[in-house]
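Both of the next two complexes hold subunit A, though its partner changes from subunit B to subunit C.
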Partner chain A sequence: MISAHVTTPKLVVSWIALLVLTFLSFGSSLLGLGEAELFIALGISVVKTFVVLFIFMHLVEQRFANRLIVILTFLFIVLLVTLTVADPLTRKTFPPRPDPAASPYP
Partner chain B sequence: MSAQRLVEQFESLEKQDHAARLAMWMFLGSETLLFGALFAAYAYYRGMYPSEFVQALHHNSVALGTTNTVVLITSSFTVALGVHFVREGRARLTAGLFALSTLFGAVFLVVKGIEYSHHIHENALPAGMYAFAERPPAGVVLGFTLYWFMTALHGLHVIAGMIMLAVVGLLCWKGRYGVHRNVAVENVGLYWHLVDVVWIFLWPLFYLTD
Partner chain C sequence: MSQATIDAETRPDPLGVGADHPDYLRADSGLRSWLLTKDHKRIAIMFYVGVILFLGLGGIFALVLRTELLTPEQTFIDANTYNQMFTLHGITMVWLFMIPAIPTVFGNFVLPIMLGAKDLAFPRINLASFYVYVLSAIILLGAMVAGGADTGWTFYVPYSTTSPTAVTWMGIGIFVNGISSIMTSVNFIVTTHTMRAKGLSWHRMPLFVWASYATSIIILFATPVLGMSLVLLALDHAFGLSLFNPRYGGDPVLFQHLFWFYSHPAVYIMILPSFGVISEVVCSFSHNQPASYRAIAYSSLGIAFIGFFTWGHHMFVAGLSEFDAGVFGALSMFVAIFSAIKVFTWVATLRGGSISFATPMLYFLWFLFLFVFGGMTGVAVATQSLDVHWHDTYFVVAHFHFIMVGGTLTAFLAAAHYWFPKMFGRLYDERVGLLTSVAVFIGFVFTFLPQFLLGNGGMPRRYFTYPARYQWLNVLSTGGAWLLGAGLILALGNLVIALKWGKRAGPNPWGSRSFEWITASPPSKHNFEETPEIERSAYEYTLSEEVARERAKAR
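Showing the complex of A and B:
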C-alpha cells in the first residue's frame, strides 16, 4: 500500500519550497501586471496546494480512493465556479451590474 | 492492546485505519466545497465589480497578510513533522510539535485580530454595517462583506483546528498514540493542512491581486 515514504528531509524541503513560492507570489504582486497578476498568484497557490496535499498530507503514499476524493472535489469546484462566473462575464443584453446610484448597498 | 482497538465490523486494523482516513478525506472534500461556494461568490462579484474590488483590496495590509501566510505554512510544517514522528514512535516529540503548532495558530489569530480591529475602527464592516468614509459603497461593500465572511469562517476553522491539535497533542504526551495507533493524529493533521490550503488561496485573493 505504501509506495513512497515521506521522510524528514522531504518535509523540510517542502516547507522551504512553500516559503519560496510565497515569496515569489508576493514578489510578482509588486510588478504591477494588472489582470495577469490574479492568474499568476492563483497558479502559484495551486502549486503550493499540490506540495501540501502530496507531502504534508501524505497523499503520495495513500490509496487511490483518497486521491479520487481530491480529484472529484477539484472538478466540482472548477465546474461550479466556471458556471457561476459565466453569468456576469457574458452579459450583453442586460446591464452588467445594478446601478450603484439606485442601490448603494447591493 | 492493538487487538482490542479493532472494532467488530472490520477484518483488520489496516482496513479500519483506511476507513478512518477515507472518511477524513471525504469530510475535507465537503469542507472544501463549502469554501468553494464562497470562492464562486468572490469570482462572481469580482467579475461584476472589478475596480471596486481593487479599492477594497488596497485597504488590506499586505505585510500582516503575508506574515500570517508564513505563520500558517510553518505551522503546517510542524504538524507534518509531528505526524511523521508519531509514526516512528516518538509521541512526546509529536506532543511538543503540536503544542508549537497550536501556538502558531494563536499567533495567526492575534495578527488577524489586529487587522479586524483596524477595520472596525474605520467602519469597514460587512453589508449594512458598512460606513467607511474613505471608500464609496456599492461594489466595495461586497468586497468587504466577502472578506469578513471568508476570513471569519477560516478563523473559526483555525480555532477548531487549534482545539483538536491541543487535545491530540496532550493524548500523545500521555502515551495514547504510537507506532501502531496514530490514525487520529494523522486525521487532525489533515484538518490543519486543509486550514492552511484555504489560507493559501485567501491570501492572494484578499491581499495580493490588485
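Showing the complex of A and C:
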C-alpha cells in the first residue's frame, strides 16, 4: 500500500528547497573553503538530485523495488567515483615512504 | 501426477504447441512484413543476418592483419593501413558482433518462448533496437570509409584526441550502438519480471533467462558510462576541449578509468549470455538436470556484480596508484571464483547423464577448454607483478581472445546449431557440423596459442614489424586464422544448406525439457494461444517427455 502522494504544496516546498540549495551552493563557493568546496557542492547536488527524483519524478509514490533501482544506480556512481578518485589521491601517499627529494643522499 | 496417470487421449500435440497455425516464417509474406514486424522471432532473424555480416567483416579485417604478420617486415599493406585494420577489427567484433550476438539473436528468439510469453514486453522498442543497431552500423561503416580509426578499439588518450582519423564519428557510432543494447536490456528485464507463465517461478526458469537477465543489468548500468566517456572524447577530438590533457588540469588516466568502467563489465556482457547457452546445451545433451541450478543462476548475478569492481586491472602500468592496483587486483580474483563455480557445476552436470555428442555438445567441450585456459591466464594477468611483464604484449591478446572470443564464438556456434531446429524447423548435417566444429577449434587454438608464447617472449601487440625470431610462431598463428576462417564459413554453409535441404526436425529433436521446445518448431506467430501453466522446472529429466509436456500445459 502506497501512502505517500506528491501534492501541490509538496511540489512548491520542494521547488523552494531546490532554490535555497542552489543559493547555498553558490554562496559556499564564495567562502573560499579550498578543497572542501568541491565536496560541499557535490553533497548539495546529491541532495537536489534526490529531491527531483523522489518528488518531481514521483519516485516517492513507487513501490520499494523501483526506489531500490534508483538507490543502486546512485551507489554505482559512488563506486565509479570512489575508486577513480582513490587513484590520484593515493598515487603519492601509498604505500607511505619518505619523499626521495627530501633526502637525496641516503 | 505420476507418469501412469497420463491418459493417452489427453497427451499434448506431438507436433508441438501452435503446429496447427502457420509458423512465424510463413504467417506473413512480403518485405514489408519483415521490415515492420513486431514479432520477436523475426526481429531475431534480422539481427542474425546483421551479426553474421559483421562477423564476416571483422573476420576479413583479422585475416588481413594475420596475413600481414606472416613476414617480419611489410608483407602487403602499409603501416597506417595495419593500424586501421586492428582498430576496425576490434570495433567491429566488439560492438557489432560479440555484444549483440547472443542476446539479440538467440535471446530475442527464445527468451519470450522460454517464459511462456507471446512476445517481449515492448515489441516496438524491440524493432527500434534493431534499427538503432543498423544506424550505428551505418555510422561506423561510414566512419571506416571516411577516414577509419587508428587508435585501437580502446581509444586511449592522448593519441585519440589528436588522431587525424574519424575518431569522433566512431565514438558517435558506438554511442548509438549502446542505445540499441539498452533497449534490448530493458525489454529483457521487464519481460522476465512481468511476463512469466503461470507457475513459472524464478527458480523454474531456464538458466539462459538468468544469464540474459544478468547481462541486461550490466548493460543498463555500464553502457551510459561508455556513452559519456566517448562523448567527452569526441568533444576533445572535435573541439579540442582538452578534458584529458594534463596541461589544462586534465588526467589521461581518467579516460582509462571511465572507459574500463564500461569495457571491463562489457567482457561479461559478451560472456554471460554464452554461459546461458552453455547451461542449456549441457543439460539438453547430457539429459540431466544441472548439478546445482542455484549455483549457476546466482553465480551469473555474482559475476554481473563483481565485474563492476575490477576495471583497474587494465591499468596496472598506466600510472594507476599502487593502492588502487592492489584493490583492483584482489577484487579481480573474485570473478575467478564465480566462474569456477560455473565450470565445476557444468562438469558435474555431465555425471550420471546420458550424454550425446551432437555438434552443440562438442562446442561445449571447446568452450570449456578455451574458457578455462583463458580464465586461468586471466588470473595471471590480474596479478600485478606478472601483468607488468605481459602488459601490451601478445600474451594479453591471446588471453582475451581465448576467454572473450573463444567463449562467445563457441557458445554462439553451439546456440546456432542447438536452436537451429527451433528457429527453422530443419536439421543440419550432423557429420559436417562435427567436422566444422573441430576445424573451428583447431584453427582457434593454432591462432592464439602461439600468441601466448609470442607475448611471453616479448613481442608487443599492435606492432607492424617484428624481429625474425618471432616469425615461426606468427606463421603458425596466421595458418590457424585461415583454418578458423574456413571452419566458420563451412559451419555457416552447413546451416544455410540445411535451411533448404535439411530434414524436418519435429518439435523437440534433442529431447530437451526446456520450455522453448514445447512449441512447434518453428513456432507459430504468437507462440502460444494462451499463457501456459508451468508445474515443473526447465530441467526435469527424471520425467518422461510426455509427463514433462503434461506439466507444462500450453495451447
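For the reader, a short list of remarks on this structure follows.
By definition in this document, the second predicted complex is superposed on the first by the 91 of 106 C-alpha atoms of A that agree within 3 Å, B and C clash if a C-alpha of one lies under 4 Å from a C-alpha of the other, contacts with A are read in each partner's own complex, and residues count from 1 in each chain.
As a working rule, a contact is a pair of C-beta atoms (placed from the backbone, for glycine too) under 8 Å apart; a residue touches a chain by one contact, two chains touch by 3 or more.
Because the structure is predicted, anything quoted here is derived from the model rather than measured.
In the superposition on chain A, A:Ser45 contacts subunit B only, with no contact to subunit C.
Once the two structures are overlaid, the count of subunit A residues touched is higher for B than for its counterpart among subunit B and subunit C.
Touch criterion met: A:Trp15 reaches subunit B, while subunit C stays clear of it. Shared-chain residue A:Phe64: touches no atom of subunit B or subunit C. By the touch criterion defined above, A:Pro88 reaches both subunit B and subunit C.
Contacts of A:Phe76 after superposition on the shared chain: both subunit B and subunit C are touched. In the superposition on chain A, subunit A positions 73, 76, 80, 84, 87-89 are in contact with subunit B in one complex as well as with subunit C in the other. Only residues 73, 76, 79-80, 83-84, 86-91, 94-95 of subunit A touch subunit C when the two sit together in their complex.
Note for the complex: subunit B touches subunit A at residues 14, 18, 21-22, 25-26, 28-29, 32-33, 36-37, 39-41, 43-45, 47-49, 62, 66, 69-70, 73-74, 76-77, 79-81, 83-84, 127-128, 130, 136-139, 141-142, 186, 189-190, 193, 196-197, 200-201, 203-205, 208-210. Contact residues of subunit A toward subunit B in the complex are 1, 6-8, 11-12, 14-15, 18-19, 22, 25-26, 29, 37-38, 41-42, 44-45, 48-49, 52-53, 55-58, 62-63, 65-66, 69-70, 72-73, 76-77, 80-81, 84-85, 87-89, 96-97, 100, 104-106.
Chain contact summary for the complex, subunit C toward subunit A: residues 221, 225, 251, 253-254, 257-258, 261, 308-309, 312, 319-324, 327-328.
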